[in-house]
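The structure's right below; bear with me while I get my questions together.
We call the chains A, B and C, going by the order they appear; numbering starts again at 1 in every chain.
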Amino acid sequence: MMENRSDKKIIEITGVTKRFGSFVAVCDLNLDLYQGEFFSLLGPSGCGKTTALRIIAGFQDPDKGEIVIDGKSMRDVSANKRPTNMVFQSYAIFPHLNVGNNVAFGLRKSGISRSEIDDRVSEALEMVELDGLEKRSAEELSGGQRQRVALARALVLRPKVLLLDEPLSALDKKLRETMQLELRRLQRSIGITFVMVTHDQYEAMTMSDRIGVMFDGKLEQIDRPEDLYARPCSKDVASFIGGMNFLPASLKEESGNVLDISTPGFGDMRIEINSNVSKHGPKLLTGIRPEQLEISAKKPSDYDAMAQGKVVDVAFYGESIHYFVGLDGIDEPITVAVPNYFHTMDYQRGDTVWLGVQNASVIDLGEIPDNMKD
Amino acid sequence: MSSLQRFIPGLLTYATLYLVFLYLPVLLLPLFSFNDGTIVAFPLQGFTLKWYGQLGQQDTLIKALGNSLIVGGVTAVFSTAMGLFAARAFVRYRFKGRELSEGLVMLPLVIPGIIVASSMLVLFISIGLRPSLTTIILGHTFVALPFAVSIMKSSFDQFDQSLEEAAFDLGESVIGTFRRVTLPIVFPGIVASLLMTFTVSFDEFVLAFFLSGNEPTLPVYIWSQIRFPAKLPNTLALGSLLLFFSILLLMIAESFRRRAAKSQI
Amino acid sequence: MAIQLKSEASKGMALSAPATLYVGLLVAVPLGILIVYSFWTQSYVDIDRTLTWANYIEAFQDPLVRHLIVRTIIIAGLVTIATVVLAYPIAYFIAFRTKKQTLWLLLITIPFWSSYLLRVFSWKLILGFNGVLNSALMTIGIINEPLTFLLYNEIAVVLTLAHAWAPFAILPIYVSLQKIDRSLHEAATDLGCNMYQAFIRVTLPLTVPGIIAASLIIFIPTVGDYVTPALVGGSEGKMIANLIQVQFGAANNWPMGATLSLLSMLSVGFVAMLAVFTMNTAGRRIR
C-alpha cells in the first residue's frame, strides 16, 4: 500500500495509563503517530480505545504518562487549546444552529473577519461536498450529511490532528462503505493526520496506513494492515482480524528463521518464524487463513502438506463458499473459503475431501496460550 | 381476535364517558358565568356579560390579582433557577448523595398540603417572619420546586453531552460553551419551567391561605367570596377567566417543553 | 474530563446544593419546631412551654379526634381505590388501544391545569340541593324532588377527589403499561392464556409499581386535604385537616394543631407502608 506519511512525529504518547476506580481503561500506552498518516485504533468495545482517543483530545486526563503533540507537551493544556479536533460518534451537530453556523462555530472568535469566516466555511463545505448548504437547518440533515458537517466543522480549524470516534458506526452499511473510501481520499488530499477509533476490522484495514490493535487497555500490536493480517502477534489479534484456523503444533527443531514442526492432521511442516511473536516453546500455535487452503476431491500433488477429512458443514456467502472440514486429531473443523467462481457448490456434507496447504501459508503464532493447553 | 374486537368499543365508550366526567366541572364555570341569573341551576336564563363587567370595579380583587402576579413571578424565578442548577447536577454529575438529594427535592409533592402549610406557619412565626407575600413566596417556591426540577431534568436528559464537548473541542471556553450551546438548547425548558411554576403558584390555595396574613392572593380572595351567594356569578366569571389563562399559559409551557424535547435529537 | 475541572463530585454538589438545602431545611426545621410545639400546651392566650404529653393524651382520649383520623384514612383509602380503579382502564386504553396517545394524554391533563379550588367549588355547584345536577334532572323530568344525598357527605368527597386526582393515577399507570414489552402479552397468549388471563397474569402484575406510585400520590395528599371536605363534605365529610386548620385558626391552639399534624403524618406513613407491602406481596403471589 502506498503511504503518504512523513517521518515527522506529530503525536508522541509515552506511558499513558488511565484508571476509572479499580478498572484500568488504558494501561501503559506507548505510541508515536506520524505527520500525514491515517492511524486506526482497533479493538472490541470496552478495550480502552475511546478513552485513549479522549485522552489525546484532552477530555480526559491520564493518571500517568505524557502526550506530546507537535513537539509541545499537552500537560495542563485543556481540550479547547489543543491543536486537535474531533468528529464525535453522535456527530454532536448543534441542533439550534444551521449548517453554516455549525461549521463556523470554532471560527467565531476574536481576530477572524466575517468575510474570512464565510470564505473558510464555504471552502470547508466544498471539501466535504456540501457546497451551498450553509442555510440548511441541522434537523433537516441525513445521517451522511451530519457526518460531513461534523468533518467540515473540525477541519475548518485546520487542526494538526483530526480525531474520529467511530465516525461511521451510525451509518447504514452501503453509506458506510462509500464514506470509508471518501474519508480516505479526503485524508490523502489534505494531508492531516487522522486518528480513528473503530471496532470494525474491515473499516480499519481499508482506511488505515497503520493499525493499533487494543485488548483490555493494552496495545497488542501496531502494524500496517497487510502485515497485521499476515503476521499477527498473538491468537487474540489473529482471531480479531479476519478468519483463522488454529492448529496446535509441537516444535521439533528451530534453525535460523525456520521452524520444523509437527501438526495433527497435516503432519510435518517447515515454517518461517514470525518476528512479531515474542515467545516460542515446545508447544506452538499456528494459524492458517481459510482462503489459503486448497480443497479437492482427489489428493492434490503440489502442496507442502496435505490432510484428508470429511465435510461436516457448508455455508454459502455469495462471493465465497465456506466448507467446514473435520480432520482426525483436531477438535474444531477446519474452515476453507473458496471463491464462488462458477456458481457451483462442489462438495456436500459427508463428502470425503483432501485439504492442501503451502508452508508459507502457515503462520507461526508462538507458544501456545495457557487456555489452549491440555 | 374476536374477543379483542368486542373489547375495543367497550373501552372507547368508557374513555369517552370518563372525559365527560373530567370536563363537566371545568366547563360548568364558564357556562354559568354567562348566565343571566344568580343561582347556578338549569334551565339557563339567557346570555350576559355583566358578571365580567363588574369584576373590574372590585378593588380588593385587583389587589389580590396584583399579589398573585408578584408571588407567582418571584416564585417562578426562584424555583426555576434552583431547579436549573439542581437538574444540571443530577443529570450531568455523579456525586455522593445524588440519589438522596434527587429524592429530597421531590418531597414537596407528597407531603400533605395542610402539614406543609401548618409547619411553615409555625416556622415563620418562630423566626419572627409575619405572614406576608414574602412567606407565601417562600412556601410556593418550596411547592413549585419539584415541577421546576423535573422539567429541567427532562430538558437536560436528552441533551447530548458530546455537544458541549464538541464546542469545547472547537476552542470555546467553559463559559462560552454554556452561553453558545447549553443555554440556547435548554432555553425552551427554562420557559416551560417558568410558566409551569408560575401557574402552580397562581393556583395554590392552602399554603396561601395559611401564610397570607392580610395580603390575600387570588385563590384566597375567591375562597372568601365563595361564602356569599350574592357574589356567586362574579366568582364564576373570575373563575372562568382564571381557568382560561391557566390553560393558556400551560399550553404555551407545554409547547415550549415539546420544542425542548424535539430539538435535542 | 477537563471541562469538568478537577472534581466532578464537588461541582455536582455545589450545583444541587441550593435546591437540596432549601427543601431539606424547609422540611426538617418546621418538622422539628412542630415536634417541640406538640409537647407544649396552650393556656388561654399564652403558650405554656413545659414539656408534656398532655396534647397526645388529650388527642387519644378525644373520641372526635380518633373518629376524624379513622374517617380520614377510610375516606382517603376509598378515594385512592376509586381513583385507581376508574383510571386504570383509561391508562390501558391510552397505552394499548389508541394510536392518538399524545392527544389523549393532553385531553386527560388539560382540566387539571385549572385551579383546584375552582374545580372543587364546581362540584359543589353540581351536587347542591338547588344545583346543576338536580335542576337538570328535574328539568328533564326524571325526578320531582331534588336529591339530597348528593352533597355534604363522604360520597361527595370521594367523587370530587376521584376527579381531582385523576391524572395522578392515569399517568403513572400509563407509564408502567408503556414499559411493558408488547411481545410479553403475545407470549402469554401463545402459551395458552386468553385475553383476560394474559391481563391478570402478565400485564397487571407488571403494573404494580405504577399502581403503588399512583396510590401514594393520591393517598397522601388526600389525608391532608382541606378544601374538598370543607366545601362539599358537610359535617359528615369533615376530615382531620379541617380540625387542624381550626386549631391554627379559630381555636388558636397551635400546640394541639402541631400534635394533630404529627399524628396524621404518622398514621399516613403507617398506612401507606402497610398498603405498599400488601400490594407488593399480592403482585408477587400471582403465578
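Side notes on the structure shown:
Convention: contacts are C-beta pairs under 8 Å (C-beta built on N, C-alpha and C of every residue); 3 or more make two chains touch, one makes a residue touch a chain.
What you see is a predicted model, and the numbers here were worked out from it, not measured in a lab.
Central chain by Cα centroid: B, whose mean Cα position is closest to the mean of all protein Cα atoms.
Pairwise, the chains sharing the most contacting C-beta pairs are B-C. Between chain B and chain C, the centres computed from C-alpha atoms are 18 Å apart.
One simple way to say how far apart two chains are is to compare their mean CA positions; for chain A and chain C this gives 59 Å. Work out the mean CA point of chain A and of chain B, and you get 55 Å between them. With touch defined as above, residues shared between interfaces to two or more other chains in chain C number as follows: 1-3. Multi-chain contact residues of chain B, defined as those touching 2 or more other chains: 165, 168. Counting partner chains per residue, chain A has residues 59, 78-79 touching two or more of them. Listing the residues of chain A that touch chain B in their complex gives 57, 59, 78-81, 84-86, 88-90, 92, 94-96, 105-106, 109, 139, 153-154, 157. The touching residues of chain B, when paired with chain A in their complex, are 160, 162-163, 165-173, 180-181, 184-185, 263-265.
The residues of chain B lying in touch with chain C in their complex are 3-4, 7-8, 11-12, 14-15, 18-19, 21-26, 28-29, 32, 39-43, 81-83, 85-86, 88-90, 92-98, 101, 104-105, 107-116, 118-123, 126, 138, 141-142, 145, 149, 164-165, 168, 174, 177, 199, 203, 205-206, 210, 219, 222-223, 226, 235, 239, 242-243, 246-247, 250-251, 254.
Looking at the complex, you find that chain C touches chain B at residues 1-4, 8-16, 18-20, 22-24, 26-27, 29-31, 33-34, 37, 86, 89-90, 92-94, 97-98, 104, 106-108, 110-111, 113-119, 121-123, 125-126, 128, 130-132, 134-136, 139, 163, 166, 194-195, 216-217, 220-221, 223-227, 231, 241, 244-245, 248, 254, 257-258, 261, 264-265, 268.
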